[in-house]
Structure formats: structure tokens, C-alpha cells
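Each of the next two complexes has subunit A plus one more chain, namely subunit B in the first and subunit C in the second.
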Partner chain A sequence: MNDLREGSSKPAETHRRSFFTTLAAALAGIFLLPRRLFSSEPARERLRRKWGMVIDLDKCTGCQACVVACRAENNVPVAGPAQTQNDRGIFWMDMLEVSEGSYPDLQRQLTPIPCNHCENAPCVKVCPVGATFINEEGIVAQVWARCIGCRYCTTACPYSRRYFNWQAPSWPETMKNQLNPDVATRPKGVVEKCTFCHHRIRRAREKARAEGRELADADVRTLPACAQACPAEAILFGDLGSPESEVSRLARSPRAMRLLEDLGTHPKVVYLREAKWKE
Partner chain B sequence: MKKWLVKLGLLALAGALGAAWGSFSFFRPKPVTQPIAFNHKKHLAEDISCKDCHQHVEEGVHATLPAVKACLLCHEEAKGSHPDEPKVRDYAKENREIPWIQVNRMVGHVYFSHSAHVKYAEMDCKECHGDMKEKEEAVTVSQVEHLTMGRCMACHEEKGVSNDCLGCHK
Partner chain C sequence: MQTAGVAAGGFLLAGCDDEDPYALEKPAVPGEDRWYSGEEKWVASVCGQCPAGCGIRVRVVEGRAVKIEGNPVCPINRGGLGPKGQAGLQLLYHPDRVRGPLRRAGPRGSGRWKPATWDEAIAEVGKALTELRNQGDPRSLVVLDGEPRGMVPELWVRFLDAFGSPNHIQHRSTTDGIKVLAMQYMHGVGELPAYDWDSTRYVLSFGANLYESWCQTIHFMRASSLMRRGMPGRRVKLVHVAPRFSVTSAKADEWVAIEPGTYGALALGICHVLIEKELYDKNFVSDHTFGFEDWTDEQGKAHRGFKDLVEKDYPVSKAAAVTGVPAGTIERLALEMVEHRPAISVADGNAGAATNGLGTAMAIHALNALLGNLERPGGMLVQQALPLKPWDEVERDEIAEKGHAGPRIDGVGGPRCPLGIGFIQGLPESILSEQPYPAKALILYRSNPVFSKPDGRRWIETLQKVPLVVSCSPLHDESTLWADFVLPDHTYLERWELVEPIPSVGYPIMGFRQPAVVPLYDTMATGDVILRLAKAMESPMSEAFPWKDYRQATTERLKGLLEVENGSIVASKMGELGKGLTRDGGWHAAGYPFEQWEGAFRTPSGKFEFYSQAIAGKLAEVFPDAAVLEAHLAKAGITSRGDDLCLPHWESPRFAGDAAEYPFILIVYRGINHAEGGVRHLPWLKEVPLDRRKAWKDCVEIHPDDARSEGLREDDLVCVESPAGQRSLSVHLNPGVRPGSLAVALGHGIWPPRPEGKDSPSVMSLLANASEPLAGVLALQGTRARVRKV
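So, the complex of A and B:
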């Protein structure tokens, strides 16, 4: 402070005041800045979109329309009863069944679980060939052409939402002409998984661009096949990277939880539920 | 003892070379036979653009091949003296589409969009398909074999376009 006073023609009082006001302004600035600015991510990644999904278990009736819609949309092969009994069926969206008690005092809940698109994805870390990765918008994706079928990822995934093609894909004769051309079919010997219906996001984005506008929340709200099929609107889709989006808002609700949160996988699928059954 | 070993070695070498050559020509794309000898050069000399026949090339993923209806705009009556020319009316009379075979095709897991390149990147068809204005025979072999992943990515890199794997793979 001494040096300052000497080198200046202004009275010390002014100096001290301006010093404190600057300090106060700086401190206020720091608190007012969005917290995300302090993350260690490089600048480009901060502005990223992060696709995420909210599943409201209080609305879900367990009808499984999402499971069926997902299969049809993504050309998921039909394994047949024998293989499925061997746990070799493929379900990008599957129901986890939890029951409590016994008949007649029985309670069951079906929880729809797609890939959780973890931000810290164990499956990505173990892939020895880089076939699975987190894409620019947070989707945990898989280029099956690169997959060597080692199945490390199916083992690493704590949610068991990665599936190995144990046999050549097949569909009942009547379904063969219904395959979706926007989704490539996978051969025997590779792993496959949910893509958050990336092909639909691409299509929505192209449409928005042709109309000369940005992709809006309303365009993607029920974009994935599972969300579109849900009669209860229990599944919503959107950008978790933008704090104003509907999914971000819901993800901040006190009902929000994520599966196996304690593993540190940071899932981008958020569940909403009031409370446990018997509380 | 030694001699027959050498002979066997030579035989194996010859066999391997033969197999390599065989598979080389086997895997090269075979030319297809198009139903009608369509001549791009003659047609493009008329006052007509690619988009008149490949209708969705600007706003769609696929450029699409023309319906016989588009041909009838001019071929309602005979044009020129080529033996294939009356076939256009034969198909139309039978109410059938001309069964063109699409030869330019990416492998099944690749996503390619014409609108991104033709409309937004403003690329000339020539850059990928060669000069169609000079093409006198029907297209019978793929012209996009040169578009390997490396080539696609190199241009994207240069133009600052995303090289996210999911962008091109489905």
C-alpha cells in the first residue's frame, strides 16, 4: 500500500475505497459466474450438447411399449426362445423387474432401462480398439465395424446394457421387409447397444437446418423411439448440457435419482420417483 | 530329399500368387448391365440440369434416380434413332418403372448425405462422380470407390467439419 500511495497523486482514502470496491466486485463476479466455468474441461467441450433422458417411474405403467418400439426402430434381431433363455437375447431397452413380498401381498415394479450413456463410461475405457467412444454430444456410441467381439465392454457395463451377437441376426419372415434403412444391421460376433436413436437426432437436425433454425427442445422432447411410443409420456429426451431444457429442470427435481450413482459413472439417464414403496 | 522340398515350396508360392490374383479380380466391382443405354452427355447438351432427373440431390440424403414419367416429358414421341430410345415408351405403356441398378453405394454402415455436400458445402458433382457431362455410356461401375474413410475424413479435417464417428456411421 505504501508504494501505491507514493506513486499516486490521489489521496489514500480514494485508493483504499476503489481497492475494496474492485475486490467486492471481483468476489461477486466469481459467485455469479456459472459454476461450469470452473470445470477443468477445455472450452470447446463446455459448450457441448449433452443428450440425456428422464424416465418418470411414477408415470410408467410398465406396459413395455418402449421395449417393442426400440426393437422395431433399431433392427434388433430376434434371438429366439432357446437363446433368450440362455441370456443371449438382445434388448437395447429392457425392463428390470423388482418384486417385493409374496402373493397376495405382492408388489412389482418394472423399470425400463436403456443404456445409461455414462459420462464416465466403463465400457469405453476397456475397449481395446476404440470401437466404442463418447461422441461429441455425449452419446456412448459404438461403430460395430471396428468391434472385434472381445466382450470386455459387456462385462464392464454395470447396467448390462451391451449385447453380443452370438448368432447371425435373424428376423421372422414377415419382419424382413420392415427393417429400418437408417440403422445398419449388425453381423454375428460384434457388440451392439442403444444409440439414443442417433439417426433420429440427425434427421431432426437436418430438418431444423433446412427450415433455417436451431434444434429446439420441442423437436427432441419425445424423439427416441421409446419416448415416442410411451403412452404415459414417462420418457423425455433433451439436452442436459443446457440448464434451461426440460430434462435439466427435471433432473434437478428432488425426485431425481440415477442408477448405481455411487459407482461414479455419471449416467445421463435420470429416473424420477417419489419414494420407495414401503416407506 | 531337398529337391522335392524346393519344388513344393515353388508350387505353394505359385498357388498363393494365383489365389491373390484371383481374389484381386474377384473383389473388384463387376460392371452391371443397365436396362437402357442412357447417355448423360447427349441429355446434358439439352437445357436440363442434374436436379431435373436426380430430384432430391439438393435437399435429400439420396440423389434418387428418375421415374419414367420424367423421361416422357421429352420422349412422348421418338427422339433420334438409337435402338434403345423406343424402350422408354415401352416401359411407360406397360406402366412400369425402368429398373435402373444403382451402382454408387456406400457399405451398409456408412451414412452419406447429398444435401450436406451439394447444398451446404456447394460441391460440384464432378468432384465425386467424375464429369457426367462427358459420359456417353450408362453408369455401370461405382464411381465412389475412391471415397474411402481416409479421403472423407481428410476433406472434413481441411474444411473444419466434424469427424465424429457417429456422423458418418450408423
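So, the complex of A and C:
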């Protein structure tokens, strides 16, 4: 069962399974409890926060480091050959590809898409049990344990950013070692989605509090796993609620756009259009 | 996020004697003694998923590696990390890893193994090798080494040096060989070039998939971010020339479609415009180049210059007709490059590898010289050597001297491969025919030729023919299946190592790999295996390796870094250096010294050589008789003669297979998630083809019009047949594939390997084993194919 060699890490390994179960329960619990108990920032300040992301499609190289980094950070299960054929692979951060034209006059748009964390989120409105909600920092959150798996939200989301767990997550025994202890795994029958790496935000906030200061732009700039991995620095994270933040500045760029803006969902993921070289 | 673990990473000074070369102790694996509940550490190290050598930081929680991030202090990736690097955890924790040394327990290929202890395995292999030496036949040992540079390759060279075998055979002739050879013959430097992307203003890529898979992909992505958005009001133009519309094509500012195998003609067409309009950098050409104008040698023989060749043989109209790129576009590209200097033209080892590969790579390189961008900011640079202290020379005994006197088994330096640096794809022929001599022992290090080389089935026969085959693979791959011993390597997250990344920025960079976790299984770093093998053998092998272990052998070399005053870590004592290295996961020099012409070109003329005197010399050496050379060229179908062979030139590419029988040209490319196949067992990478439904499938891409005429639809299962083999693949209609061609990604393949069935072991085995006739580089783009619905 446990393949690690004799050694020091053994004591931790032997009760890993129970550790994960406890951790999962604990994290789910933390999600449910009033956030201010755990928060380090004053409530007033948190209310001001509006986390958002800017993705520069001109810098993006379509490499999918963000996609793999997200799966690694958030314990997203591998779907496997059979489930992939049924389009049941789970990608909190996905790469949308649109091609058009005919040889040799071709165009191809590659767009990394995480959850848009809409201010007016259609998924939240349809959830019959309140499993999904917009938290005080603007993150569209999901309580795994509360989800009943009705999949209204996956249908309602115009960006298809929600995924249903058609099967229980599974990993080869040895690969369970790589699971991130900060993120709970999700059981079969619930819907899961991008959290803007909420656990990382919480960590950064605790660190800032320990240092006796407020969260700064530099603390969160590449905070989510996708942004941190991006080799081209195309993904930036920050507070859209503060007009001086880098993301706010970029969101005012003439290249800025949001996906399906006319639906009135008010996404908090802002894209910067691709440009081409001009003389 | 803290770096506490790094600081605690334990460097012990063996006393404070700075003269002790081994004062730098092996860093302890964090938490080796014990972990506290919830304890977390970050380990700075180096990625090992490709030779690029990106700096990484590994998050370790209670002894488990749970995430890999890029290391911001590494100048190669500056904090970013690609998908393969992210997936390193799945290599570490892969269920199919070999868990200890194995000895074959059934017939070869049966997959039946018996566990052995390290002592037994090393003793047995050592004994067999000693016998080879005692029989006076040391050259019959062959080492296939898939790592392009670094300490382990150097140890293999040393091992073979003392042993008496010239057969350290690397993979370059099937990967980036043409680029290395163009550098060797024109620059006098047998290494890939580096580029100063941060200051360039224009990039013309000849098939180099800069955003997907070439030499330094992540480094280029980081640079490209700056090239596009880092300088207000200024954008570096990226033009990508390729037959297939790839991600790089899509992301480039301009994509130019071209006929397969004709990059050289395009480069020479652009050179023609520069020369005709006198737009080339005349000062650079006159001061720092050789062979541009016609010249006369010491014997009074007149030679043709590059200028004459380009003016007469490569008019723009010819280049346009050959490449399918309109003459207007060729002229425009030339003018844009001149107007936006410094401009870089980049060749690619994969896309350019056709039967005309060397001339092509030289033509693309010559374009850089015409633009005067060599050794200048924003141009093409020569990777500087790491200032490591060299080991003492090996003293060869009589047996070793005798072994080294003979030819290499792959025929490099002979008529089979007169200009090459390796000819691994010729090994099956050599070994099966026992010409020039039989191979009696073969060691595979990071090498899986059955999968990654053409003629996979023939490689299986080849491995079976060799009496002793040892594999150092950490996984049961296609070639390991046929081995007698498996001496499994650690993965890169478990070992201590100095890493020499392939060229990137030009100035010296060294990666410092530290174990992130305690080795999971009973595996051993191959560096240690080499040392222990040598020690298990008789004199003089054991004397050539006086060190206690791999760590000590390489630590000694770090002394060289103490003498560098402007490095990222300035230290006068090994202990200080060690602290810095554990913290940063590497060392690099301050910057590149531009325009240091003294010693920049290590050619016979001391200048950049349009006319390569080294090529002329080698051809004269291998073919002293002009008639023999003539016969060789005629047989190989080469039309160029005389001076043209030493100049950048273009030959019509040849494709194996009859056009009537095999109507499609097979284009092979490297995608970002597979590269050449060393990572195809990692599920994360299996699931990220851009079309998600293609996950876990091996596909052949075909243009929709061609598919219609062949009666094929998306997802149909077809058999792709070439003169060399066949393989079942799933059809993917891709309007970006040039009509008349099929595109297949290298590196795909099933995992775990299945040796049975009719299918060739990999996509590579679809390729005919045809090479550049003089340079001996595999013609990756040199095969025709057809599709048959099954």
C-alpha cells in the first residue's frame, strides 16, 4: 500500500489516508463557517476586495502550463481514456481553442479559461440548495458537501466552467503522495470548479497579518497556481476593487474585454486582446 | 511561502579547511530525520523533464513532494514552469517505476525479472566488462547516452576513456544535430547557439516551434512576453515559417506556409536580396567573416565565395518556385529584417532535419552573419563554458590506447558519416552486421532507441544480438524490456547533481539539483553507478575514479566557481558557495560579454566561415581520392560539387517512398506535452491535447480535403503505412496541415509498452532510416506515407 522506502517520512505516511479524510472534512468545515472567525484582515477590508484576473492573450503562448498546474494544485483527478471520450475530463482551468479559415489563410485563438467568477453569476441563481454562492471577496465559491449534484449550475454557466464528478476520484496508490494537503478532494456526484486558489489567498493573508500589514498587490500578483506557473507571465491576479491595482489598470486597457459580456454576467476575468505586429 | 527548508538544508563543513575540495557536503534531504505534522519545506532544484534546465522549487509537505513551481532566480525560466515541469510529480510517484536493480529471469523480452542487490548487480556487470577488457576488446562496449550535456555524460566519457572504447554515442544525430553541426563548421563551436532575445527586434523562425518544443521553450516564452508587451511602443516581430499551422504559427505575428524541406532555399533567397541590394552588414562581413568573396588558397587554387554562390545560384525567383513562398514575401522579409536590426534567424533541429539538413542549417546561420548579429546584443551568441575545475586527465593503459585507436562503431568520421558528430541511427546496421566490429556490451542511459529511433523492430534485434545489455532507466520502457540488467536511476527529484543546461542566454549557467524527497525505492543515481562499476573493475579503471561517490566527484569541480568574481553567488569558501547553491538551486554568471572577437570563432581562420575549411578538411581526410568522393556523392544523390559542399547551399530534399504509392509527405513535429516521448507515461500530459477528445489517443492529422478524397472522417481508425512500417492511428482533420501531407506528433505512444502486434513501436519507426548523406543526421522530414482505413 505504501511504497515509500524505509525512512523518516514513514510515520506521516502510515496514517495518510486518515489524514486526508480529516483534512477534507476540516476544509469543508472551514468553508461553511463564518469566514471572519478565521480571517486576518478586518471584515471591512475584505468587503472591499474584489478578486479578479487579467489574462493577456497576446502574451499567452498556449502552452497549457496553467492547465497542468491547476490540476496539480487542486487535486483534480485524471479522467482516463474512457471518460475523456465522453467529455468528462475536469479542467478548472481549460484551454479553449477556436480555429477558422482554410490553408494557408488560417487563424487560431487559444484562450485559457478559468471560472469567470461573475458578479452576476447565473450558476449561483439556479442552485437549489445554496451550495454555490458569491463570497464577500467576490469569489464564486462552492461547498462540495452541500452540492446535491443536480447539475443546474453546469447547465446555467454560459462558459461551461463547472464540472460534475461522474466518478469517484481515483489515483494509483503511489500517486496519492502528490495530493496537495491544502485542497480537499471531491466525491462522486458533486460539481466542482475553480476557486481562484482560495486556499492560497488565505495563506497569503495570514502571512501578511503575521507581518503586520495589509495584503499588497505584489503578494497576490501571481498567486493562483495558473498565474504562478505561466511561463509568459500572461496571467495576473489582483484586486479589481482597488482602482490602483495592476489588474484594475490593465482592465482599463483598450485591449480589455470580457467573455460574452452582453449576457450581463459581469465576469471578473478580463482578457487583453491579441495584437499583431504593425509597421 | 517560506524557504525555511532551504536554509536548513544542512551544509556541513569538513572542518574549516578551505583547501579540502570536498568541504561541500551533500545537502541533506529536508526532514530526513523526522517531519512534524503539517511541516512544509521548499527545495530549490532543477527540472529534469527536458534538457533546458529550468530552475524549480519543490513544495514538500511531511516528506511528500506536492507541487513544483518555477524558481524566479533562475535566468532560464525566471519563475515560470511549463506543463512537463509541472508533471514531474507524476514521474516521481509513477506506479511503473523500477523499484530496485533487476536481473533478467526469462528469455529477453519476456518481462520476467528477478530482484538483485546493488552489490550483486554491479559486481556481475563489472565482471563482464572486465572480461571484455582482459580479452583486449574494450571497444566492443557501447554506451548510448541520451543526455546532451552534464556531469553524467562527462563521467561516461571518462569511463570509456579509461576503459578503451570510443563508443560514447549520444542522440544528437536524431534531434538537433544539424544546428550543432552548422555551429561547429561555421563558428568552430560544436554546441547549440544561444540568443539574446531581450534586445532583439525581429525573429524569423525556420520551422522552430518556439512556443511548443525546441531547445529552450520556456526561456523563449518568458522572453517573448517581454518582446511583445515589455517595451512600450515597441514590439518584436515574430515570423514563423513552416508547412504546418502549429500553435507557434498561430501565435506568431506572421505565418508563412512553405513546402516541406525547403527552408534552405528560402534562407538563401533572403540572402540573395540582402546581397543584391547591398543591405548586408558590410563591416561585419569584411572584419569577421571568411569566404564571402571569392578567394585563393595557399596552393593558389581559386575558390568560390558565398556571395558568388548566392548571386548566381539562388535568385529570388528560384527560391520562390522551390519554397512556394511568393517572391514579394521573400523580399519583404529580407527588408524587414534589415530595417529591424538586430534580427535573429533561428533554425530548428527537427523541422530542418531533411536529407539536405546541413546545407539548410548553414544557410540559416549565414543569414545571421549577413545581418551582422553574431556576438552582438540582440543577436546570436556562443554559449560560454561553465568555469568548473576540470578533472585530472585519465591515464590510459595499453589496452585502452588500443581500443581508442580504432574507429567508432557507428562509423563517424568514415564514409558513412564523414561530417557528423554521431550516427546512432546507424548502430543497428553496425551491430547486426558486426561491421566494423561486434558490440559485446551495451549500456542504455536515458536512452530508449526502440521507441525513439527509426527501425524500432530492428533495434530489438540489435539489442538481442548484444550479449550484455544494461539499462539505467527508472521505468520499464521499450528498450529496457530487452535488457539483461536494469540498474534503475533516481528520478531528478531524488538525486544530487550539478546540471549543465543546454544553451539559453549565452553566459554560463549551472543548475544545482538537490533531492526534494528521500529516494522512494532502491534506486541509484547513474553517476554513482558509473563510479561503483569502475571500482568493481581492476586497475586502471578504479584509479580513474578516485572519488568516494558521484557527489564527491562533482563537488571537486565546483572549486572553479570560487574564482569567478561576478557570479550570482560570490564566495571564497566552499561552505559559502554551498549555502548559496542550496538557497538558489543554481549559479550563473553576471552577463554576456558582447563583441569579444578574440576567440569568438574557433575556426581555422579565426573568423565566421561562410566557406567552412573544416568541412573541406574532413572531406579530404575521409575521401582522399576525388573519384571516391564523386562516387559517394553520386550514390547519395547529391548534386552539389566542389566548393558548394563547404558553403551554405540547398539540395532538393529526397523522400523515401514512391510518390505514386505513398501520396503523402509525412511531417513529424514535437508538441509541448510530449516532445520526443520521454514523458508519455504521465497522465496529466496525456490529457491536454488542444482538442480534449484526443486525449489518450495517437492521431494522424490530415487536411479535410485530403480526408474527403480518402473517404476518412474525424476519429476514424486508420493504418498509416510508410516504406518503413505501419501504425494504427486515429484521424484528426486539421485544416492547418498542408494539403498533400500527413502530420504526426513525435513522442506519442501507448504506456505501458506493448511489444506484440504488427504496429511499429512508435511514430519514429514510421520514418525511413535515411540520413543527411554527409552529416549523418537523421532526415526526420524525409518519408512518404499513405493511409488505409481499417
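Some points to look at:
Methods note: the second predicted complex is superposed on the first by the 220 of 279 C-alpha atoms of A that agree within 3 Å, B and C clash if a C-alpha of one lies under 4 Å from a C-alpha of the other, contacts with A are read in each partner's own complex, and residues count from 1 in each chain.
The definition used in the following text is that contacts are C-beta pairs under 8 Å (C-beta built on N, C-alpha and C of every residue); 3 or more make two chains touch, one makes a residue touch a chain.
All values derive from a computational prediction rather than experimental measurement.
By the touch criterion defined above, A:V129 reaches neither subunit B nor subunit C. For subunit A, the partner with contacts to more residues, out of subunit B and subunit C, is C.
Shared-chain residue A:Q64: touches subunit C; no touch with subunit B.
By the touch criterion defined above, A:Q85 lies against subunit C but remains apart from subunit B after alignment on the C-alpha atoms of chain A. Of the two partner chains, neither subunit B nor subunit C is touched by A:V98. In the overlay built on the shared chain, the residue A:A141 is in contact with subunit B alone; subunit C does not reach it. By the document's definition of touching, of the two partners only subunit C reaches A:R108; subunit B does not. By the touch criterion defined above, A:P231 reaches subunit C but does not reach subunit B.
Judged by the touch definition given at the top, the superposed model places A:P172 against subunit C, while subunit B stays out of reach.
Once the two complexes are overlaid on chain A, none of the subunit A residues touched by subunit B in the first is touched by subunit C in the second.
Chain contact summary for the complex, subunit B toward subunit A: residues 59, 107-109, 111, 113, 115, 120, 162, 164-166, 169-170. Taken in their complex, subunit C has these residues touching subunit A: 1, 31-35, 37-38, 61-70, 77, 79-83, 85-87, 89-90, 92-95, 97, 99, 211-212, 217-218, 221-222, 224-225, 228-229, 235-238, 245, 247, 249-251, 253-255, 257, 517-522, 672-673, 683-688, 690-693, 695-697, 703, 735-739. Of all residues in subunit A, only 3-5, 7-9, 11-13, 56, 58-65, 67-69, 71-73, 78-81, 84-85, 87, 89, 91, 94-95, 97, 99, 101-104, 106-110, 172-181, 203, 207, 222, 225, 228-234, 275-278 touch subunit C in the complex they form. On the subunit A side of its complex with subunit B, the touching residues are 133, 135-136, 139, 141, 143-145, 182-185, 195, 198-199, 202, 206, 209-210.
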